[in-house]
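Letters are used for the chains, namely A, B and C, taken in the order the chains are written, and counting of residues starts over at 1 for each.
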Amino acid sequence: MPPQIDVRLDRVTKRFHEVVAVDDLSLEIQRGEFFSMLGPSGCGKTTTLRMIGGFEEPSEGAIYLGETDVTGLPPFKRDVNTVFQNYALFPHLTVFENVAFGLRRRKVATDQIASEVTAMLELVELPGYEARKPSQLSGGQQQRVALARALINHPRVLLLDEPLGALDLKLRKQMQLELKRIQTEVGITFIYVTHDQEEAMTMSDRIAVMRAGRIEQLGNPEELYERPTTPFVAGFLGVSNLLEGEVAGHDGALVSIRLRDGTVLRAPADGVAASGPVRVGVRPEKLRVEAGEAGPSDGLNALAGVVLDASYIGVSTQYVIQTADGHRLTVYAQNLDTAGASEAMAGGQRVHLTWKPQHTFVISGPAEHVAGDPHLPEEGETDV
Amino acid sequence: MSDPERSQIELAIDQVFRRELISRRTLLRRGAKGGLAVGAMLTLPSLLAACAPAKTQLEWANWPLYIDIDETAAPDPTKYPTLNAFIKQTGIKVHYVESINDNEEFYGTIRPDLAAGNPTDWDVISPTSWMVKKMADLGYLEEIDHSKLPLWTANCADYAKGLWFDADNKYSVWWQGGITGLGYDPNLTGREITSFDDLFDPKFKGRVGGFSDMRDMMTLTLATLGINPTTATVADAGKARDKLLAAAQAGQFRGFYGNEYYDSLAAGDLVASVAWSGDITQMQLNDNDKVQFVVPKDGAPRWNDNLCIPKKAAWVDQAHKLFNYWYDPVAATTLSEYIGYFTPVKGVSERIKADADSYRANGDTEDADYYDAVAPTVAPTADDLAKTFDYPTLENPADEKAWNDMFNEVVTAQG
Amino acid sequence: MPRTRRRLTPYLLLLPGTAWLVLFFAVPMGYMLVMSLQQGSLSEGYHLTWNWGIYPDIAVKYGNLFLRSVSFALATTVLTLAIGYPMAYTIAFYGGRLKNALLLVVIMPFFVSFVIRTLNWRMVLSDNGLVFGTLKDAGLLDQSFRFLATPASVIFGLTYNFLPFMVLPLFVALEKIDRRMIEAAADLYASRAQAFWRITFQLSLPGVVAGSLLTFIPAVGDFINADIIGARSPDVAMIGNVIQRLFLNSNDFPAAAALGFVLVAGTMLLVGVYTRIVGTDRLTS
């Protein structure tokens, strides 16, 4: 059975005056999916979400919920609900009335409302809070009420706009798990907007990494992390080491890439061009660092270098290694064998790095110097 | 001077005008419409007097806008040319204070001293007729020595002496006076108005103006009932109240006005209204030449304010010199040309006319016309005098309260 | 000692406010009450005779005028709300960069004295003036039509003069509303009308309450509009006019003081009932 599409964006563009916030974006989100839109402030993620919710109208393109074109419909005629940044709870209404708000607007019978609200508050683990006002709740509790208020309507799609942004780290971790549990339990499609890559990775089935109004890369968390296709994605999802080189030749499932100093590295060949400049990437935790000159390679990629800096951080030691041709690589070495800071390798020590070709990713195209992401002002998006 | 309207509004308006629109004509008009001032100023001279070790000046309390002012010196209100001429002439310094807004209120401030046999803060005061009688009867006024007033003896008009409240002018001499009559636009009424009763014509319903002044309105009404207002009793007042109240409840009166009646009458919002004589002269000259003034045939209030010396005043002799000075026809003429009320001095009208002629001779027709129009209004005609009454005396405070209460019913149409 | 001082601090902080209230409210009210129980005349002096009978007296004499003042003030409050709410709403929600300029326009009339503004209306609205004269000349109005010196004209004047007192607190309350609140309502199936009524209006209630009080309280005691636009017509006399008259024309201080006392106390009572109904937390939330 082909996956059912819940939300479809067809070449959607949104302009605020002359600023393009969302640029010719197409997207399909499947039923029951936990879908995240990840990106820095101003990347267009919130605008996209608001267009799905009906709070903004696309300048061009169309939005479908299931088979229905909802492009011109106001929010209250769309089968979606939103959990707003900072929750937007109604301060003058009790928790009960906040949660019941959508049902009342749809003229659901009073006794049914009561039982549904009770059930929903149980789901978000706030039973007995019916009579409180939002101002009497903690941030985490308000977050749960906002969730309950949206979910009680059993929308086709739930939109969440940085819902955990205002919570402290510990609570955020806890709520991430809880959101995922609730999503699994109710089976509703979640579209989740965040600028926190770890949060997106923890919960999402698929993630769209956005930049400057476009989707930079779309895939499941593993794909994005292990095989980023752009330096932006590689950099946005954790630390990555990028080395400039040129394709030297294909060898079955692997491709050989020659660095400037002549070192040849191998990487999975998927989607890599037959020749031309590329960048080779590897995540810091995939690297093994050993003292001395490189030994036999037995199929591993290897690089020689010098320790520039070593910081012992308990669970691991973080090294900065400079290679012969001047690249600096970050390495996270698990402290499996070392017993403390004294046993870590000191600065100036000659070392060699090894890693599996399978852990290598290749980004096509010549190096461009991206100092940072151009920050587009995007109306309606506030990152707190 | 009539018991004037002294609402906060008029104070505010007055302040604005004083600052912005000062001109002889507006000032004259304003002066003709009754006095306004800030009551709080009352205590200032008394405080100063209490501190002063030796007396250096004559203290005179008068109503606001009741003396000529040097316009070029405005807004400084202490520049009184005619008064300054007296000071220069005699060397007697005069501290002129516009501190009387209301007879009773002012009397209330000096009564404790008078009752205790102490001097007040004043050497000269300017009470209205009935207040003169009240104070004289209580022995609160110094007697006037007419041998010191040769100009009064020579120049005082007959209508300005020997009146009911002080038959021998033992305690008072006239300052200024006037008549409260009727103003109307014949084009709007469609007929002649001769009596206060004409204002009750149902045809004019809602387009007739009354005054908010109790004494003016009750006097006009009592006269139509054939009752002498000056000597009317509380029971008489009740009859006047009934007549006015019935009309008020029927919506006959558009409103009970203070000075604002002038604008409404000039604009034609009112077809007829109770009015002050000098005002209508001004209206014909400046705002609406169709409006006529008439002294109602049944009778109208005639009022005057007087110069008196409160008991135990320090500068009695100097006060006499001041009184005498104001009966100098030259001083009186300047004053009348400026404030436009009835003057007590003979021949002022003729002198104003002469001034008009000299303006005309100099080619200043505007001023000539103006003075020509003012000249006949600064003295009452024999007919005016025949048809006018003094205000009710109301010597007893309880009577006065009863009259006030009755008139309050009229202006609120509650009864 | 420091502990004692700390415990006293809140009371010390209340002191200026309390002193202000005592000096400018409690003492004058007490003085008015005492004045109202005196008898006499201005020239002969007043003496305290505990004349409580004045209260039933003025109730009989001026009860209707109290009712009229309250109904004029109520009409004024309703009208300013009806006119001011759309104004404040438009400025707060759609004012954009012009917001401050528009607010300035709203309070612009305050740059001219209250009395002068009102006097100008009398000129504009006079029977044969700019507005009605023109309409009459055009044959659109009967020649006998008049607006000044009618209850409607006084309510018009009050509404005009107190409108900014309604608009400003409404604006402040509406401005504070988080737009996402309204989006959330729309998201939860509320139509625009429902979102307005259930959310925007409810959240603006502090402004409505504050605006109503700021309008009603001065309007009920106002006398200038009845004086100038109402031309002191007996049909429009409000309680403020009577107080003014009793104090300044009749010199009947006791009756004026009694009316003043009843006006202030009655207004407080009405305001108390009103805030009890709508809830005082509306003013502070």
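By definition in this document, contacts are C-beta pairs under 8 Å (C-beta built on N, C-alpha and C of every residue); 3 or more make two chains touch, one makes a residue touch a chain.
Values in this document were obtained by computation on a predicted structure and should not be read as measured data.
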Which word fits how the chains touch one another: line, ring, star, complete or other?
line
The pair out of A-C and B-C sharing more C-beta contacts is B-C
Central subunit by CA centre of mass proxy
C
In angstrom, rounded to a whole number, how far apart do the mean CA points of chain A and chain B lie?
91
At what distance in angstrom does the C-alpha mean of chain C lie from that of chain A?
57
Distance from chain C to chain B - Cα centre to Cα centre, in angstrom:
37
State the interface residues of chain C toward chain B in the complex, per the touch definition above.
40-45, 61-62, 64-65, 113, 115-116, 119, 122-123, 126-129, 146, 148-149, 224, 227-228, 230-235, 237, 241-242, 244-246, 248-252
Which bits of chain A are touching chain C when the two form their complex?
53-55, 74-76, 80-82, 84-86, 88-92, 101-102, 105-106, 149-150, 153
State the interface residues of chain B toward chain C in the complex, per the touch definition above.
3, 5-9, 12-13, 16, 102, 104-105, 107-108, 111-112, 134, 206-207, 209, 212-214, 248-249, 251, 253-258, 260, 263-264, 267-269, 397-398, 400-401, 404-405, 407-414
Once bound in the complex, which stretches of chain C touch chain A?
178, 180-181, 183-192, 194, 198-199, 202-203, 205, 285
